[in-house]
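One structure below.
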């Protein structure tokens, strides 16, 4: 995966996930705020569940595809782990990336079960997400032996976003539905995504000249650049949140309140899963 | 204890403990969920207490046996601590392992008192468990001076499971009965157990050729292997949880509801200790 | 910014912020305590909001001025980031300081929105403050490459105050309105402010002889000095708290209770934002 | 303070504090448990306050004496901080110890105010205790430059007890009256006290031969010895808790219930400060 594409691909996935989560939570929150105006349809428990199930299924699918790709791409290990004739491990990088996908797949599978069956405790989806993020950071952390200063540094910075996401998801086990934590997780996921792109541009510049990977000024610039990515992620989350809030409010204003009363009596389930907790 | 057996033995204990805890919590949770179907017998406060007392007594017994074994096995120090003629400490390893057993024994003793007498605060059993895990990790941490790279690394990885278990048990002092924390503790205990076996296979391979303890590729493989053990532990916990849930539900369906009403009036104690808290 | 003034300026800002916050929280708490004496005017939700909005606007203004000053002062980079002819970064220090101001500006902007519009969750203002403090510490942390022992040490000590402030602000997301946390945040902000001054005096002594930046005795003295600054900050917070409490109480005693009843019926909004949460 | 007495003295203080706190909390808890038997006299709010005030006054007094002793003992700096003729700091050790006492004095002063006046938030006493412990550990941490391996190690082990105590006291800000946290703080205070004695015996053995301060076996033994001190502290806390519980219960049994009813109507204040919170 030591290539520009190898960093741009997971980066894009995390960017999409961050935008999707921000939109989802903004929509739910906006709908819940204006429930007295009749928007329970959007944030009803049934539709929330359906959305979670679809999301989990999509994540599960892409994790599976990712694992297959890591194994059977051109330079993949094709499920061979150890070459006993030459006594060396086969393509440990690919195996590690496949392991990361495996954990996100497990998290998606648990989320799928939690939101379809009633048996499992609801908080498990956040716990598994925290474990998946933690595992990603854990593998990256022991991944960096013997690289150049700047290479190590950009990956260390990535770990701030990854372990930050793990910590926030773990806190959500206890504070489910806390708006600040949800938006912080969205921000950190976006940050992780855009930072993967940045790593690609720094280590494998597609067109521009190579970076001096040992220069300390570059380390200092890259650190500041990470702050800018964080600021950008916060601005993006704010923009999505405001847009969705305004859209929901303006749409509700045009809907006649009559129809709403009818809807309400039909959708008589608890308003949101988080409130049942 | 520098031998394959020396790592397989504690590993087996932790594996048994992990499976047992998973079964226990799954059973209680499943029974509580279906209480309206009359299963209070399984999860009633009295039977919960009895189970905890039996569990604590068994742990106490094995801790005591472990301490004796460490002291009086063939190469044990037989309670001699310092050889003042030759000015060196006697078998510090065995003493350290005995100390680890001592703390698990203390935790079991406190748990025994907490669940028999009413005087002591209930949360103390989790606190003592956290202290026992912390002490184990603490002694391992200062245990690794001057060993080879891979040896240190596999023990550092073990510390993730040990300190993770300590942290989760400490959080349970405040969030007793949180399903996510209970299952996470079970997972980390299983992980610890299976990782002890893995350490045995890496450092003292019983049949296969020796590992190169300085090779960095081995370090990277072992790190990934730890992730796989974690995934395996999570799958095992999930499997036990699902099996127990299904078994409880199917058994309840066959029981006539009549008998249940009678049972209920007999077992009229609070349903679970955690809810009294 | 490597100058005495460069440290005295932010120091003064943090000192002012610390004193202002201490006064604000003391006033609100004292007013709330004696609400039955009719002081709701001071701590009413409307006036609280107005105060927060003014505070946020002032912080936003000064952050903007700070960014401009860092860019367009005599030795500023004037928005040039990279000199491609000589292949080096332009004035990274100034850019980093401008980034710090940017985050405090963002926090102030979010606080402004949170306290004017109803749409955004209230806890976001503390979260953004935590992020701003964290970002400040984060940039300082990777700022210290290749400096002398004492220089690094005084900045490391600063990080205790900065990250401490970030942690406390983050805890306030969950425990908003906790008096102990509020006063601790005020204390750490004052500590940060006075320590900036101390750094200026140590690294760029205006009149006295230079310090030996490699002497370990100086390191030990400076560590203790940090404790004294902390004690001074705690005493200052206590003094302000007591003064404000006494002033509010004595003023209330002179106000006839009659008028109060009238006020109360006019200001019939919830007493404080924190209680709505 | 580099002497046996210099470590035995603070050790004794912490031992006394640990025993005292254990007794106090055990008494309150036992009295509260058996309140229906009429023991509110012991755990009434008024008597609790009186006890806290006396305790704080005693701590304040000894902190003041400690500061004076550090300054004006034979080799003390007598308030001289810097010898500008010889350009070196005067007795930084004594100044550091005096600073530690200062913070415990401040904590005691705040506790005194909190429990006499109603103005200050109750949680401040635990916060100040946490700050005092943190400051002690903070000064010790930067205290150890250039010492021998074993000397550094025994002080690092001490930091586990000190920072552990700070963390527990900080958690008590949010979970005041949590039995597990209170007993844990007592345990860690006892551990700190007995470990100060152990440090004295290791570094300045009064009669026995000197320890080899560079031997790694000694490091390993001392680590295990810390665990034993922890086990001893836990046993001591348990013993005091059980003794007090039994004494309170047996004394209550001998008291005629009649008298109790009378007492109850007299002491009609809230039963405990913690419950008011």
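Letters A, B, C and D name the chains as they come in the text, with residue numbers starting at 1 for each one.
We take it that a residue touches a chain if its C-beta (ideal position, glycine included) is under 8 Å from a C-beta of that chain, and two chains touch if they have at least 3 such contacts.
Bear in mind the structure is a predicted one, so any value in this text is a computation, not a measurement.
*Asks:* Go through the assembly and pull out the chains touching subunit A as well as subunit C.
*Replies:* Both subunit A and subunit C are touched by no common chain, going by the contact rule given at the top.
*Asks:* Answer with same or different: of all residue numbers used at the interface between subunit C and subunit D, are over half used by both copies?
*Replies:* different
*Asks:* Mind checking the rotation angle between the two copies, subunit A and subunit B? C-alpha superposition, nearest 5 degrees is fine.
*Replies:* 90
*Asks:* With chain centres defined as C-alpha means, what is the inter-centre distance between subunit C and subunit D in Å?
*Replies:* From the centre of subunit C to the centre of subunit D is 32 Å.
*Asks:* Find the geometric centre of each of subunit B and subunit C from their Cα atoms only, then give the gap between the two centres in Å, rounded to an integer.
*Replies:* 45
*Asks:* Please set out, as single numbers or ranges, the residues of subunit A touching at least two other chains.
*Replies:* none
*Asks:* Mind listing each pair of touching chains for me?
*Replies:* Final set of chain pairs in contact is A-B, A-C, B-D, C-D.
*Asks:* List the residues on subunit A that touch subunit C in their complex, please.
*Replies:* 29-30, 33, 160, 175, 178-181, 183-184, 216-221, 223-224, 227-228, 230-231, 234-235, 238, 241-242, 245
*Asks:* Residues of subunit D touching subunit C in their complex?
*Replies:* 88-89, 92, 95-96, 99, 102-103, 106, 110, 119-121, 123-124, 126-128, 131, 135, 138-139, 142-143, 145-146, 173-174
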